[in-house]
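Structure first, then comments.
Letters are used for the chains, namely A, B, C, D and E, taken in the order the chains are written, and counting of residues starts over at 1 for each.
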Amino acid sequence: MKYSYYPGCTLRTKAKDLDVYARASAAALGIELIEVEDWQCCGGVYPLGSDEIATKLSSVRALNAAKEKGQDLVTMCSACHHVIKRVNDDMKNVEDIRTRANNYMELEEPYAGETEVLHFLEVLRDRVGFDELKKRVKNPLKGKKIGAYYGCLLLRPSKLLSFDDPENPKIIEDFIRAIGAEPVIYPYRNECCGGYISLKEKDMSKNMCEKIMASAEGFGAEMLTTACPLCLYNLNKSTGAKLPVVYFTELLAEALGVKDEVKEEVQK
Amino acid sequence: MPLENKEFKPKIVAFCCNWCSYAGADLAGSSRLTYPADVKIIRVPCSCRVNPMFILRAFEKGADGVIMCGCHPGDCHYSTGNYYARRRMTLLFSMLDYIGVENGRTRVEWVSAAEGVKFSDTMNSFVEKIYSLGENVRLGDLRCKQ
Amino acid sequence: MQRIGVFVCHCGSNIAATVDVSKVAETALMEPGVVHAEDYQYMCSEAGQAKIAAAIQEKGLTGIVVCSCSPRMHEATFRKAAERAGLNPYMVEIANIREHCSWIHKDMEEATKKAVILMRAAVAKVNLNTPLQAGESRVTKRALVIGGGIAGIQTALDIADAGYEVDIVEKTPSIGGRMSQLDKTFPTLDCSACILTPKMVEASAHEKINIYTYSEVEKVSGFVGDFTVDIRKKARCVDMDKCTGCGVCQEKCPSKKALSEFNRGLNTRSAIYTPFAQAIPNVPVIDREACIKFKTGKCGICSKVCQAGAIDYEQKDEIITEKYGAIVVATGFDTINLDKYDEYAYSQSKDVITSLELERVMNAAGPTHGHLERLSDGKAPKEIIFIQCVGSRCSDDRGKPYCSKICCMYTAKHAMLIRDKYPDVNVTVFYIDVRTPGKNFDEFYRRAVEQYGVNYIKGQVGKVIPQPDGKLLVQGSDLLDNRQILKEADMVVLATAIEPNPDVRKIATMLTASIDTNNFLTEAHAKLRPVESPTAGIFLSGVCQGPKDIPETVAQAGAAAVKAIGLLAKDKLLTNPCTAQSDVLLCNGCSTCENVCPYGAISYEDKEVNDHGIRETRRVAVVNNALCQGCGACTVACPSGAMDLQGFSNRQIIAEVDAICR
Amino acid sequence: MQAIINRAKELLADGTVARVLGWKAGDLPYNPEPAYFETEEELKDFVYNGFCGANLSKYMIEASKLEGKTMVCLKPCDTYSFNQLLKEHRVDRDKAYIVGVGCKGKLDIERIKKQGIKGIESIEGAEISDEAETLKIQTIYGEKTLPYADAMLERCHVCKGKEHMVFDEQIGESKETKDAERFDEVAKIEAMSPEEKFAFFQSELSKCIRCNACRNACPACSCRKCVFDSNKFDSSQKANADSFEEKMFHIIRAFHVAGRCTDCGECSRVCPQGIPLHLFNRKFIKDIDELYGEYQAGEDTDSKAPLTNYTFEDAEPSIVGKRG
Amino acid sequence: MSSQKKQAELIKEISGVNPLKCMKCGKCSATCPSYNEMDIKPHQFVSYVINEDIESLVNSKSLWKCLSCFACVERCPRDVKPGKLIDAARQVVVRQKDQNYLLADEIPELIDPDLPQQLLVSAFRRYRR
């Protein structure tokens, strides 16, 4: 299985662990993640203005690069996934945006949303299969009670992202089960952590994360897992309950028995 | 009077089946949902009553667009009429496209008796399309010596 | 050459305000064949019809065109008027200058031009009309009612009381329908079973009513007055004649894990079961999916304990074919699936229930024996929150765009009943609007507020958040106080939108009855023919036509019965003379037409023909006019044009095309 | 050829058939024409060679009305037409004794002439038994040669195969002559811009003189009376040059035979103006194959024709615009 | 056209939302995690656009409290999507000169060693032209 891979800016710096563990796990599962050459930052948030083009182009470049290779595009960070998937939908279905973006890009063959965008979790669920993953697990994380934290970006708007049920998702829970741990379902797992608000309104974000933490803890979670560097950052700033928060790829690497091999790389 | 001075007023014939689409058109009327007066409706019992010859005849007599509306597939008053109509029209439209007639001039829409809004929306978009295509010369002209 | 009269109706100002009616009449006089034209205030009025009659007689008209409203409104009126004046009714054509012209156009000049063209098309057509004679067909004096809920029962009783045979086909093992699942009814708080059971008994005891439960309509053919219906009687595995309804089999059945449909899956039942105590017939069925005998071949306890020897594991489905003159659809409703509304945590908490489930919880025969308790832990709730419009009035693709109509009232009922029986329980209702049109309805709702102290909060709920301690945190809006509310509850009840029974699509297709985008059956006229389907001989009873409460359903059921009785009371029906005709001289005998005829109305005969002096025997198509419904499929399939449709002939339609494109 | 004649004599002699339907020599070496033979004597004019392209199936409509059986010579592709007529009850199987005759591709005199060969006196190599790959043509300007394949009718380049679909006996070997794809020409037109398409058909159809040769030759055009000759559609206003039929004749003719046309190619073969009329029929066949599954009219006598059939999932007419 | 009306039209265009579809059920406000921080509540936002009172909107705190978490968009039963309207209003503001909500000068004191790039680029996109 070969995929084009879009890591995104944060995975190069503060969220190296998300990236490094993902690559190690992918390799262990026989998935080849080929980094898109010269990718540029997606911008972090999807530009909502229907009249904005320039801010969508970095996504289009990555999408087109994958198309030229005939590969699906895999994302790891929730924000990148959200932005790229939605831009791809625009390119496929919004004629005006497609025309104008292609005018900017001056490609040999216009890009019209041909690439399929997959979050790595979707690759695990739909391509590898959680049953298969379960078989590949070497160190089942037995007894660990893990709460999945989805946040907003992977789930909403559900019509476009079609990732999972936006109100009662289960992909990460199924993932947790596959790696041998016990998922803890709590109602705040799809509530917002505050997102970018935490830059200027730290208290707002803290409040929200406290609710999330409290809810997860109340239902018996011992740790949280997420796919988003910003969620992880915000949750770690929570002043209330302090559950450890880790990327899902770290759990995966651990279960697959490849964590130690790359530990150093993370700390570099 | 020279032709180019005349404002283009398309002639559009709409064949509507009695049970669904004609009733849908009535509902559009009683709901006061407007669409251009260029559309003139001919009532037929079922979309399967529409002979390709009627459509060609309309074009030959100067129609600029012909649209056929029937019950949604599966909802035909006569059970199966619209299925036959669907095949007939698909082939006819394909042939017209093949001989160089712009395929926007012909359309089939399934409109139920409850879909007044769809009826008027359909007619509005069809008329708009015909305006964009302009006058139909090709079907009236096919046999004329060059 | 025809002598045609054109009559242009003003329809008050409905037409005259946008169409220059006198100009239409004047222009008509220039059309070929037109010898008379006039306009009048209301052509459909007695005076208007008199004008038509007078013109027919004075001017010797052979055909008339009425420029007025849709033929679906008044074609029959004008045909009758013409007939009374001695003109063949099929020499009448309508130009629809109201629905298709004056009502949709604003510019007078434009609308008038269009009206003139529509008039011309009608004149061109009537020029080619020929007098037609309607044939006759017989009426089978028996009605079929599909669905055995309160709507179907009431319709059947009314038809049967008029002296006609009625069959009820009910999919489930018992008649009774949704109403049998209700605890109390608004606005008088009668016990639902107490008022329904006598009707069920009456229906089952009625000598003119025959009930097929656990049965489904499988195939429908024919037409008004003469439908042929195949009914599949599913194998009950219990002999209806032998069973005494003693109930021992259900008691002894070792498989008791099947979810009770009647109790909305809130508790379980045995594999051999009657859905509820008052079921009619009081004969159980075996659920083959749950039955150990069927699953493993071993068991057979029910058969051993049955003293009547009624258990028959070998029983097969049976197909019954019956003829009917009229069919009434009374297929009712279900609540929508809440999978897409999980912000209300329905799938996450047992204490979030639908209103229909609450009916079962409140009912003495329900899973909690009528005690109000939480389904998760059996504890008595102290705080109950009702959420209105769950899935109703939603224009996104998750829910239904319509108002389900009954929820405001049953929520008031529930709130009131709970406060009455459990005064220490607080009840809060989150609502968008409280809609209470109906006799004594608003008074009922106000009683809930004023007398019973139910707390109504205007605003929708955003999320129901299950808490670790089992409570439910409800986050909602209070739009009047402009604040966001967080309120803890022990139970949350969702006023779930209702939708037509999912089977109705299949049934509508079989009946060729039309259906709207929400799967409600379409009525022939929204105001004037609300209980008839546009398909002749098909009538609508209850929620299959649109959301309604019990009193309305019963009223409509009666109305549908009256319409069916009106049909059954006739000995003969006039048939549509607009049928296909084959020209023997043109027919190739190729069978193409036969292949597309949905009614089997075309057959082939060897006929002696005289084709311009050549006498020979030819294989030619013959149309059975009693079977032909006039769709016209054959006319287009016929390459030689031998097959033509009376009333919509090739030449007539081409004349219309020509007139429009002129 | 002699084998056919011998067999015909036998069948006439033993009374199995009352007449023989075949071809007789014309006034020129390349224009044999359909003919009936009722005696051994008459059979001396019988010919069967590369120029016997005429499809005799349609003649069986009239022959079915005659007393006794008719021995009819059908080439493999003609048998499809016969089957189709059988399916439509236009011919009587019991009245036909079908001799499936061999075929190695039929010749197109117009094509020969187009290659600059004029003043033809005789042609060698058109004989059915002749294995020669080239035609030797004696002209007033001397002898010319031409590869057989270069002189074949268009339809033989897209030959449906050498099997007879229906026959009582077979005489002679057949050869599959297919060396082109049936829908290539249609696809080429489909790929044109609307303007080019229109220009192409306008220029072709402008040649039509409404001689009805296509209609007369077409085995699917077997109506007792054509709609264009009846008053059922107000479509037969002969005198009017601008009339309906003039413009729409070929489209409607193609539509009427859609799903019934076996693609026998007679329409194009007989057109005196050389209009490629088969391109209409073949377009419908291509669409039917693509949209409703492959269908060959005349392959059998009991399948449902595409236009008298449907599936719930059929493509919507809007597919025409979407296919581009 | 008054400038308020123009801006209202612009907001509708950018957001692609028809505020007239709103049935005033309040589910957006019932959903919003920032509700208590907002002066103009999400459901009111819709009415403000309908009433073309854009001046109040652009001066409102709410613009900068919305998290673009899309919960209201997801749950709105009428497809009105108040979150998109708020975002469009924010666009209208930041596109005007000197109306950036985040100034480059204030950044150093806002960041800490753990802060991911993603946060900065997101905030830049939302708050600045």
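Here is the rule we go by: contacts are C-beta pairs under 8 Å (C-beta built on N, C-alpha and C of every residue); 3 or more make two chains touch, one makes a residue touch a chain.
None of the values given here were measured: they were computed from a predicted structure.
Enquirer: What chains touch subunit A and also subunit D?
Expert: C
Enquirer: If I count C-beta pairs in contact for every pair of chains, which pair wins?
Expert: By contact count, the leading interface is B-C.
Enquirer: Could you find the chain whose CA centre sits the greatest distance from that of subunit D?
Expert: Of all the other chains, the one whose centre lies farthest from subunit D is E.
Enquirer: Just curious, how far off is subunit E from subunit C if you go by their C-alpha centres, in Å?
Expert: 45
Enquirer: If you average the Cα atoms of subunit C and of subunit D to get two centres, how far apart are those centres in Å?
Expert: It comes to 54 Å between the two C-alpha centres.
Enquirer: Between subunit D and subunit E, what's the gap in Å when you average each chain's C-alpha atoms?
Expert: So the centre of subunit D lies 72 Å away from the centre of subunit E.
Enquirer: Hey, what residues on subunit C touch two or more of the other chains?
Expert: Residues 343, 463, 596, 637, 650, 654 of subunit C each touch two or more of the other chains.
Enquirer: Two or more other chains in contact with one residue: find those residues in subunit D.
Expert: Residues 227, 233, 307-309.
Enquirer: Could you check subunit A for residues that touch two or more other chains and list them?
Expert: Answer for subunit A, listing residues that touch two or more other chains: 167.
Enquirer: Output every touching chain pair, sorted by label.
Expert: Contacting pairs: A-C, A-E, B-C, B-D, C-D, C-E.
Enquirer: Give the list of subunit C residues in touch with subunit D in this complex.
Expert: 583, 585-592, 595-596, 604, 611, 616, 619, 637, 639-642, 644, 650-651, 654-655
Enquirer: Using the touch rule from the top, collect the residues of subunit C that touch subunit B in their complex.
Expert: 70-72, 96, 98-101, 103-107, 110-111, 113-114, 117-118, 121, 508-509, 512, 514-517, 522, 534-535, 578, 596, 598, 629-633, 635-637, 645, 648, 650, 653-654, 656-658, 660-662
Enquirer: Sort out for me which residues of subunit C touch subunit E in the complex.
Expert: Residues in contact with subunit E: 343, 389, 393-396, 398-399, 432, 458-463, 475-477, 479, 482, 484-485.
Enquirer: In the complex, go through subunit A and note every residue touching subunit C.
Expert: 165, 167-168, 185-188, 215, 218-220
Enquirer: Contact residues on subunit D for subunit B in the complex?
Expert: That would be residues 186, 189-190, 192, 194-203, 205-206, 208, 227, 233, 235, 244, 246-248, 251-252, 254-255, 258, 280, 283-284, 287-288, 291-292, 306-312, 314-321 of subunit D.
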